[in-house]
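What follows is a set of structures for review.
In the two complexes below, chain A is the common chain; its partner is chain B in one and chain C in the other.
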Partner chain A sequence: MNISTNIGVWIGAIAALGIYSVLIKDNPFYRLVEHIFVGASAGIAIVTGVQTFKSQAWSPLTSGQWALIFPMLLGVLLYARYVPQYSYLNRLPLSLMMGAGAGVAMRGAVESQIVGQLTATMVKLTTLDAWIIFLGTLLSLSYFFLTYRLEGGAAWAPRLGRYFMMAAFGAAFGNTVMGRVSAAIGRFQFIFLEWLGL
Partner chain B sequence: MFLRKTLPTLIAGVCGVVVVVAYFFAIPSVQTLANHILKWQSVIAVFALGLGGVNIIRLHTKNLQRDPKNFYSLALLVTFVITIVVGLTMGQTSAAYTFIFDYINVPTGSAIFSLLAFYIGTAAYRAFRAKNAEAAILLITGCIVMMGRVPIGAKILPFTAPATDWIMSVLNVGGQRGVMIAGAIGFIAVSLRIIVGLERRAYGGE
Partner chain C sequence: MNILEKLQNIDKRVFYLLMALAIAVPTISPLGLGVDVTPAVQRAYDFVSSLPNGGRAVIGFDYEPGDEIDLNPQAKAIIHQLGSKNIKVVAIASFPAGAMFAEQCLAILEEYGYEYGKDYVNLGHYAGGEATLAAFASNPTAVFAKDWRGYDTTSLPIMQEIKSMSDFTMAMTLNDGPTGGTGTHEWVRQAVMAHNVPLIMGVTGVLAASNETYVQSGQCKGILAGLRAAAEYEKLVDKLGEGTVGMDAQSMAHLLIVIFVVLGNAAMFLSKRAKGGAA
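Then we have the complex of A and B:
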């Protein structure tokens, strides 16, 4: 056993043990580590935000891009929520963010999720696998056909689509489990090898 | 009324339409305008991040005022302030900031991320009870993928490794593609509602 003398490794290992201690039951050690993590993460986010502000807004503004004063003023209006009689003013920057965000999301959805996926589906159906992917896509899409209920002979399509989706969800679940398990193994390796030096 | 309702709806509509039109039509003036809007959006997003920071300080200061022995809030505030001071005064490449990132943020975040590995067992028990055909398919594909993803699983049941590859590249693709396309259509519908002003609650309206 060759225990690490690095203070950082000690802090990291104690923090990991604090998080895992919740597996026994909720306890003060876990809650303390959790709060420290939230504090550090929020601090890191703020530091990153300030650097982004400097590079995206402050430097261009001081070098002559005066129009950037408007988004800054709009940004300040977000804080109007703390002044009850003017709180409605925070809707102005929020509406810009939501409108632009909706536009970006819309074009992203059209490009990658609809056109991209349809293009990848419409290939030459020369193999059994290509047929399964093609039919799986059509059948699982039929499950979301909500204009009216598919009945009688057509009712099998959404049912088969549901089976395809369940297979996909099962695969996603299995993948997630293994991803988390490998993360846990990584942490245990850190504790046993890097910290305790076993 | 104008500032409370009409102007936010107009801003959301114009910004949304400009961003969408700039993508589908090669009109240089509209594309320039869309680039400006997106830059403005990223600047405002930084202020929104600051708002989150202010909220954290307000909430935990209130907690401390209510109960001065609340050392969880104290620990959070101290870590928060130290991280910001170190990051802004010493820089993001300094040894102190790297220490906070490498030895507090990363190991704790990884431990929280991996915590799900333990809880997911009970979730699997609930999800994988083969009560009907759908649950049985979920159970079979989930188990095959879990076995096929680890060397020992593939050693015990050799067929699971190739079966996992086939499930991931064929069955999974077929099922996920339908979900993705249907989800995208729903996403577009919600985005359109925001742009035309039918979803004013998204930006604080009634």
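Then we have the complex of A and C:
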């Protein structure tokens, strides 16, 4: 056993124990750590924001890139919403952000998320995997065929589509459980190996 | 209360305690259960192996401390492989903490004789998500005037070789989702679609299912999902580390969950049948 002498490791370990203490029941130790976490997160966000402003806007501006004054002014206008008589001004930067964001995303979205995905379902039906992809896509889509209800002989299609989707949800849930267990493993490794040095 | 009812009403603190034991015991005393390499991880490894020596890779450290356990071991394992192939590495981060993780992981490259600024660089954090990634793809030094250590990027030899995303041989994102950072979809759009740069993904287990489609469509060359993938990659590069250590605990925790799910469901069905019989 080789207990850490690093004060940061001690704070982290005690905070982790505080958070896990809620599993027994809600208690002041847990709430203290929770509030410190929220406060620290807000502090980090402010520091990051200021650093980004300095590196991306203020430093280039003061070194001669005067055109940056325009996006900076637009940034200031975002806060106009807090002054009721000028709140309409914040629509200008918001519209610009939404337009630019949509434009940037559209550059590859059609090909990557529509054409590419559709093409991937058009496979040679020579393997079981290929059949599962082909049928899974068609039957899942049939579940969302909402114009009118498929009945009679065709009713099996959306029902099977639902089963395909349930299998996908199950896989996603399994992966989610794995992710949450990993998070716990990370904290346990930190407590036992890094803090206590076992 | 009979045994079937008791099984359906176990105090959740009993489960938490058992889960803590299932994780703690293998963490303190590894069982050495081992892992087999899955095709998705093998594909990612084979893809990196197929790259010419001396290429250039951009790695996005797009995760926060909560997902460090999944993604740091993945990053370290793949950086070992890049180091062994003398591939130059440029790191960027869409989360502030990502730049710190990049610094930790890139230190591995020193083992392979890499020199900071010449063979690898940590450009640090960028705000703005996809829009900034698109700007980086067009002109990296315009977005990052200084790197994480404060050097002017235009003075760094590695950055003088890179004028746009197209100059990279491969891209990788280590990603825990798009909230607050740059997600995997954004990387596919900006690296693969806009610049035709092959992409591999390292994601948390939660994101695995939604991103597998990119591998099936060929838009992504391989995907590492969660701690297990990290352990598999460590096995492939023959550098056992945090991923391998964590897998024993993961296996025991999953076994416990499976036992509880089976017991709970069996008890529910049996008690329903018993009630039906009594009625």
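Simple rule for what comes next: the second predicted complex is superposed on the first by the 162 of 198 C-alpha atoms of A that agree within 3 Å, B and C clash if a C-alpha of one lies under 4 Å from a C-alpha of the other, contacts with A are read in each partner's own complex, and residues count from 1 in each chain.
As a working rule, a residue touches a chain if its C-beta (ideal position, glycine included) is under 8 Å from a C-beta of that chain, and two chains touch if they have at least 3 such contacts.
What you are looking at is a predicted structure, and each value in this text was computed from that prediction instead of being measured.
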Which superposed partner A:Thr119 touches (first chain B, second chain C, both, neither): second
First, second, both or neither for A:Ala13, with chain B first and chain C second: first
Touching partner for A:Gly99 - first (chain B), second (chain C), both, neither: first
Comparing the two partners chain B and chain C, which touches a greater set of residues in chain A: B
Touched partner set for A:Phe192, first chain B, second chain C, both or neither: second
Partner chain(s) touched by A:Phe164 [first = chain B, second = chain C, both, neither]: first
Chain B versus chain C as contact partner of A:Thr52, first or second or both or neither: both
First (chain B), second (chain C), both or neither touched by A:Leu68: first
Partner chain(s) touched by A:Ala184 [first = chain B, second = chain C, both, neither]: both
Common interface positions of chain A, toward chain B and toward chain C: 23, 44, 48-49, 52, 56, 100-101, 104-105, 107, 109, 113, 117, 120, 133, 168, 171-172, 175-178, 181, 183-184, 186
Residues of chain B that touch chain A when the two form their complex: 3-4, 7-9, 11-20, 23-24, 34, 36-54, 56, 71-73, 75-84, 87-88, 92, 97, 99-118, 120, 124, 127, 133-135, 137-146, 149-150, 164, 166-185, 187-188, 190-192, 194-195, 202-205
Of chain C, residues touching chain A in the complex: 13, 16, 19-20, 23-24, 27-28, 66-70, 96, 125, 127, 130-131, 134, 145-146, 185-186, 188-190, 192-194, 204-210, 213-214, 216-219, 225-228, 242, 245-246, 249-250, 253-254, 257
Residues on chain A engaged by chain C in the complex (per definition of touch): 23-24, 44, 48-49, 52, 55-56, 59-60, 100-101, 104-105, 107-109, 111-113, 116-117, 119-120, 133, 168, 171-172, 175-179, 181-186, 188-189, 192-193, 198
Contacting residues of chain A [partner chain B, same complex]: 7-9, 11-13, 15-16, 18-20, 22-23, 31-53, 56-57, 67-68, 70-72, 74-76, 78-79, 81, 88-107, 109-110, 113-114, 117-118, 120-121, 129, 132-144, 161-178, 180-181, 183-184, 186-187, 190
